[in-house]
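Next, two complexes with chain A in common: one pairs it with chain B, the other with chain C.
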Partner chain A sequence: MSKQSFQLSAADFAPAPPATHAERIVRPSLSYWQDAWLRLKKNRRALSSLYLVIALLLFTLLGPWFWTQDYTLQDLDMISQGPSWGSAALVVEDPGAWEGVRGDALPLPQGQELGATTQLTVEGAATTQYVRLYWNAVPGAQHYLIYRNDHAPDSGQDLGLPLGETLRPEELSFADRLQLRPQTYWYTVIASDGLTEAASGTTLAVTTERAITTTQARERGLEATVGASVQLPAHPFGTDYLGRDVLARIMEGARVSLFIGIVAPLLFIAIGIVYGGICGYFGGTLDIVLMRIADFVIALPFLLFMILFRIGFGIGPGESGIFPMLLALVLLSWPSSARLVRGQILQIRGEAYVQAARMLGARSLYLIFRHLVPNVMGPILVTLTFAIPMAIFTEAFLSFIGMGVSPPTPSWGAMSNEGIRTMLSSPHELLFPAFFISLTVLAFNLLGDGLRDALDSRLRSRE
Partner chain B sequence: MLIEATALRKFFSLSGGRQVHAVDEVSLGIAEHEVVGLVGESGSGKTTFGKTLIGLHDKSGGEVRYRGELLPARYGAADFRKQASEIQMIFQDPYGSLNPRMTIFEIIAEGLAIREGRSLAALRDKVVYWLERVGLHADHLSRYPHEFSGGQRQRVGIARALIVEPKLLICDEPISALDVSVQAQVVQLLGELQASMGLSMLFIAHDLSMVRYVSNRMAVMYLGSLIELGPAEDLYFRPLHPYTQLLIASNPEPDPEHERQRQDQLISGEIPSPVDLKAHCRFAGRCPKAEARCFEERPALREVLPGRLVACHLL
Partner chain C sequence: MNTTTLTRALMQPISSYLRYCLSALLLFSALCALPALAQEGVDFATQSVRIAQGSEPPNLNSIKSTDQTSIFYIEHVMEGLLRKNARNELVGGVAERWEMEGTTARFWLRQNAVWSDGVPVTAHDFVFAWRQVVNPEVAAEYASIMYPVKNAEAINQGKLPLEALGVTALDDYTLEVELETPTGYFLSLTSFMIYYPVRQDFYEAQNGRYFADVRNMIFNGPFTITSWVHGASLRMEKNPTYWDADSVTLNVIDTPYITNDEQAVFNLFKDGMLALVNNLAAEQLRGALDNRMRIYAHPDGSVFYVEFNHRDDRVTRNLNLRKAMQAVYDSEELVYKAIGIAGYIPGRSLIPVYMNGVQDKFRVEYPEQPASLDIEKAREYLELAKQELGLDEIPPLSILCDDTNGAILQAQYFQSLFKRTLGIDIKVDAQTFKQRLDKSGNGNFDLILAGWGPDYEDPLTFGDLFASWNVNNKGRYNSPVYDAYVRTVQGTSDQQVRMDALGRMQQHIIDEAVILPNFERVSNGVRDPRLQGVVFSQTGASTTFTYAHVTE
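For the complex of A and B:
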């Protein structure tokens, strides 16, 4: 810059206009929790798991208002049905109304073999309620054996399930009521002279259609005239081995699972806070003694105590025991949270702000409620969100091995236990409860992860 | 003397029965309105001395008298309450010394709220006064500590300690965590407050250059013991103890001319650990002038010149 060109005038020295606040960047002051919430909201994984947790809670609490099917209602005609959105059904007369068909026993002509059954016919409509068969008498037959198969039998060898046999030669009919589903069945009727069966029988393919009896229709408040078509309730998650609605049972089971999952951690963490708080705050010999006790409790085998509590409460095998499960969880799980709280308190107690408060004359209660508690809340909340899935899983596991909730009370674990028996034929009975267990455990774990990141004050104050 | 420590001792027990001799028989007094600078390398026990002096650590030995009255060896909440209006402390770490869950207002008002049991709202004017006095703004009242810089937090710590108007202030390295430019501001602020309130101060630092401006006397610690004590300027320009000489020589000179001439006698080796110390001169392992008896006998702090106390066999 050349010196000549640099000219100053008096105007250059006029005072600047008073500074306005226009340029001041004002950011609202955020408390610890507000700030943590903002960070949690930025974490998309944690936020979606939070929504998932809320959805699960709503599902449990509000679900039964909208899904009004009775979770205890057994429908033996709808056993182990896959997911379906309702189905039409025919109303048919009660099974007892049919007296069957009788004929005359025919003598076996000399020198003849026992022949095959003829004229095998279905009486009325073939439905899931019953398939009524009748046939012509076979000369020399003392009784008839009835078989059912779900595929066409080849070469007369695999006739399928032996459904039963008639008792007298005059009885020429049979009503099949055994777990019928809407599908095609192959019935075979073979005559027998009491000692040997006929060499061949007659096979008839029958396609059943869904039906309910007039009595059942009446019980459900549906139109109860024979021949009417009614709409059966939907089972979006299918039905279980007793024909109960899996969705309704999942909702009801969630209550048990989430009750244990939330109440047990709340209780044992509360114990942990008090216990660990006392250890951490007072320290010294008391701390040493109390922590040895906690170590001792940690070493106790959970399952053994679970069994002892059940025996202690007089709960036999196969009976429901929510309370002993809760008790065992609470009594054996608190030491880990006590340890955590103790560690936190020890650390915070050494922080300079606590020493500053002591220098200012703070009493114990003031220190505890003003400095220690607010600063351990974060880690405790994180522990809680991790303890919830753990407790849910423990409940599921215990119910699964038959030590927790037992039928008829549903819980996800108990339902999985029931479902595993029919895993191959109707996997949905296992998959739905297992899916909900996994989903809940995952959601709480992800939420805990997110919370831990959001609440990490070190990240925040020492950036 | 306002406060006087005699043969004060603080040992920490480690596992296996070993002991850290963090403070080993330190005798030091602070007169009314006096500022004593306490310097030493990291780990020499300055913080531990400060905290043991005012009761934040239980004493392992020795005694402390405040205005002639013996202070308890082990403090309870009531003892702290009794001395709250007399003695306060500013902590070394400006990050850990403010509760992250409290607003600046709550933090500064804490002392008055505890002492007077008054509602926070009634204390607002006084808090604002102190906030402005330490160079912060009333806008800052509802903020949280994480929104502040290290220097600002240190000012909050100063306001918290001084709002109860103590007579004695322990400043534990109030500036070492700060930028050099901010260091001078905070030292100046403390100097002003000290003068206007007639405070007595123990000013802890690990280098002498800044402390000498605010201190009347300076004390040098090494490995838990006090090795030199004397008037600030005198000690700075004419250090007597071999360790102090090295410590001052290793200080960078602001004047490049002097800096070039400075004979580079840096102290060799690390400061040894103060675990299970033997009875010999603490500095013997690193002392360029060490003699045989230095390894056998621990030198006592003696007055070698008027007002100058040194712990060295050679003097």
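For the complex of A and C:
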């Protein structure tokens, strides 16, 4: 070692720079919210329900842009049809154009009984617009009874629907227009002498083809020449009992259901935060008085108030009851969230850091907004996500019993109510709205579950 | 002490063995009770039938009642001078024999007809009842059906005292009726509810609660009402004091189910809990078809239509607005496509197809000229209407209807139709039956889905509906021309003159768009094959069980 190396310069005596890296935090600091988000992201169930909620909102808000069918449009030829991707239809002449077939009434020969109808024939093509039947006169018949069945009658009893009867003996034809579908029908015509029916009739199997009339084709802007083939709109979710598109109605109905489901909880939880915050922070007599008022409100019956508001606002029959429903939900549901917030605030108010802040001269407003409210946000968010499905259910229930929307506006609950009466023959009318109610409620519940876990500071990640 | 500890304290003295015995006993008795609760729709041994009703009878007082449900019960428990037999023909009821000559009718009552408390039915009971019907203070809605009786109308309008009514009890068992004009259908009227007897002493003792509850009732018909739980059930049993009790086989007609849930009613029938179900809706009809049940159809006589409110404060008083709505409306589309119930006849006229004219059916002799379906013309009418009313836009109209699925469906059809074609907004006002009657009586509607069943077998039963004085003219249609037709029909017994006037009246209704006919109803029903002899009719009660019996 050389001597030189021991020479010291002034620079060597300069103060060392502060050891900034001595206690370096290796990983970036995580705020409460960032941490919660991280943990929420790890919870696959909660995350997928979050995506589901977003998808539902998009479906509601953007859906009608892509699916442009009118939810009030009644296509009476397509009543209660199952899901379909559009079908071709034949254009036929308007039903009014047929005169029918007339013949002579024949007297009943002595000692004979009323016989069966003969020569039952279909005039022209059998379509879903009309099936035109005619037959030969039966001696002694005063009028004829026409029946239609979906399957071949296997006994004299099983004739199917009594479609109607002719009025006079000369009338030997009948045009069936009753909700025809593209399928095979078995028609039976029985002669009657006014008091008794003939023992047997003739049965004819007829297969119908889907068709629309020229007038309908013109109204819809389709090619309106007889014999043309046109394409009918698709109904991926089927149609309801008035031939309205279920998909379009689900989208429109979602607006009502989700509007109530999201706006009502947001409003009553906001009221709850303010009310509960005041009670919890100031305490004392004010707290006691305010909380007794909250207890009183809890005791009020929801349904009764809903009806009172309806009357109070002069909501007549046939008008939408959504506003009174919202009001009743908000005015009667806030106490539970107010209680929750009050409890949380009371607890946090005693914590050391709040006391310290108070010692340092923090004012009430600062304390509330800087320390108290952010710390109760977790439980509040969880309450909110659980309140949403509850509100959706309430709306569905009230619309189901007829207190909500008025026709033709749909909501999921009202659609379920309408669908339930055709549950056996066309289940899709009930299943689709019911599925969407269940899906939405499940998604919000799972999201709430995930949020509760994520926001629980005791489970805060320590790695 | 909370409830659990309380129970435990009570249970302590009882040994555990006894406790097991007790719970087993409870379970056993619960199981035994089940089959007893599930009763069959028809029962041979007890000759009983069980039926369901859409609503409970709103008013069982024969003087004031108007609706089908009430008429069903009243006709089973009461009897007038004449009644209908098992073949739906008029035969003697309380009256043994009768004579009609010009404007005088005389009835001889049978001595063995008694009230259910044993007191004989006398001619005075008829005089009292008929005077009550036309009493302006009672304000019976059906009073106009009493108008063929001399002075009835003047009394009803408060111009003459009650005693001036053309009905006299010559003695206890002889009744003489003076008619205003010769009325061919008067005898059939006497089988109608408002012509039934009411006993003065009993009626007055009820303080206005006559037939409001079981203890306020007295009967002279084939059945008696033995229990009535309002809104829940009503039970009729055979009346042993009825003079013709021998021809009544059924012992019990029970109504254990009062619900307007059509599917629930059909399910009850499918499970064998009901004897018959009438008026099946499309969905239940499909269920009956799938189960390969035999379906019976019979026209129930009722005509259904959209009635307009013609009062001065409503826009529907405007003829051109009504014509605009008429010109876009096709009853065939409503019936065949929207309603979709087999057998319903699309409405074309107020007078239904089965009504008789002079020689043949009325509608064959007097075919109606329908208004043409023309959307361009409809829009012209609408423009005219707006000008006449001084409005830029027709305000939203309310359509009053029952809260049944079928009625709401029809209301929605009209809502969509008028919105699509004319741009008129319609609000659907669905109400319970009682409420609907109430609101229609007060004129609280623009349009109403109304219907009318015939009260007697003459087209006039429909024809006088829109006479300005008829209380059942809910829309207060008021036309001197129309009233003159009604006067002509009422004023003579010459069938040709009457039917000519009715024919012109029918056309007047179409030309003035007084109503929009919807359909003539057919009742599609299913019934237990063991139930025989039920009578269906178009006037009065649509279903009569009086002559029915249950076979094995």
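Everything below uses one rule, namely that the second predicted complex is superposed on the first by the 428 of 463 C-alpha atoms of A that agree within 3 Å, B and C clash if a C-alpha of one lies under 4 Å from a C-alpha of the other, contacts with A are read in each partner's own complex, and residues count from 1 in each chain.
By our rule, a residue touches a chain if its C-beta (ideal position, glycine included) is under 8 Å from a C-beta of that chain, and two chains touch if they have at least 3 such contacts.
All figures in this text were calculated on a predicted structure; none of them were measured in a lab.
Chemist: Determine, for the superposed arrangement built on chain A, whether chain B and chain C clash or fit.
Modeler: fit
Chemist: First (chain B), second (chain C), both or neither: which does A:353 touch?
Modeler: Once the two structures are laid over each other on A, A:353 reaches chain B alone.
Chemist: Please work out whether A:31 is in contact with chain B alone, chain C alone, both, or neither, and reply first, second, both or neither.
Modeler: First partner only.
Chemist: Scan A:362 for contacts with chain B and chain C and give back first, second, both or neither.
Modeler: A:362: touches chain B, not chain C.
Chemist: Of the two partners chain B and chain C, indicate the one touching more residues belonging to chain A.
Modeler: C
Chemist: Once the shared chain is lined up, is A:179 touching chain B (first), chain C (second), both, or neither of them?
Modeler: second
Chemist: Examine A:371 and indicate which partner it touches, taking first as chain B and second as chain C; both and neither are also allowed.
Modeler: After superposition on chain A, A:371 lies in contact with chain B alone.
Chemist: In whole Å, how close do chain B and chain C get at the C-alpha level once superposed?
Modeler: In the combined three-chain model, chain B comes within 20 Å of chain C at the C-alpha level.
Chemist: Show which residues of chain B lie in contact with chain A when the two form their complex.
Modeler: Per the stated touch rule, the residues are 51, 54, 56, 77, 80-82, 84, 87-89, 91-93, 95-103, 107, 110-111, 114-115, 142-147, 157, 160-161, 164.
Chemist: Which residues, counting only chain A, touch chain B once they are in their complex?
Modeler: 29-32, 35, 351-353, 355-364, 366, 370-371, 374-375, 457, 460-463
Chemist: Help me check something: in the complex, which residues belonging to chain C touch chain A?
Modeler: Counting only chain C, the residues touching chain A are 262-263, 282-283, 285-287, 289, 292, 294-297, 332-333, 336-338, 340, 342-343, 345, 353, 361, 364, 398-399, 403, 405, 408-409, 411-413, 415-416, 419-420, 427-431, 522, 524.
Chemist: Mind listing the chain A positions that touch chain C in their complex?
Modeler: Spelled out, the residues of chain A in touch with chain C are 72-74, 76-77, 79, 95, 148-150, 154, 157-164, 167-168, 177-179, 241-242, 316-319, 402, 406-408, 421-422, 424-425.
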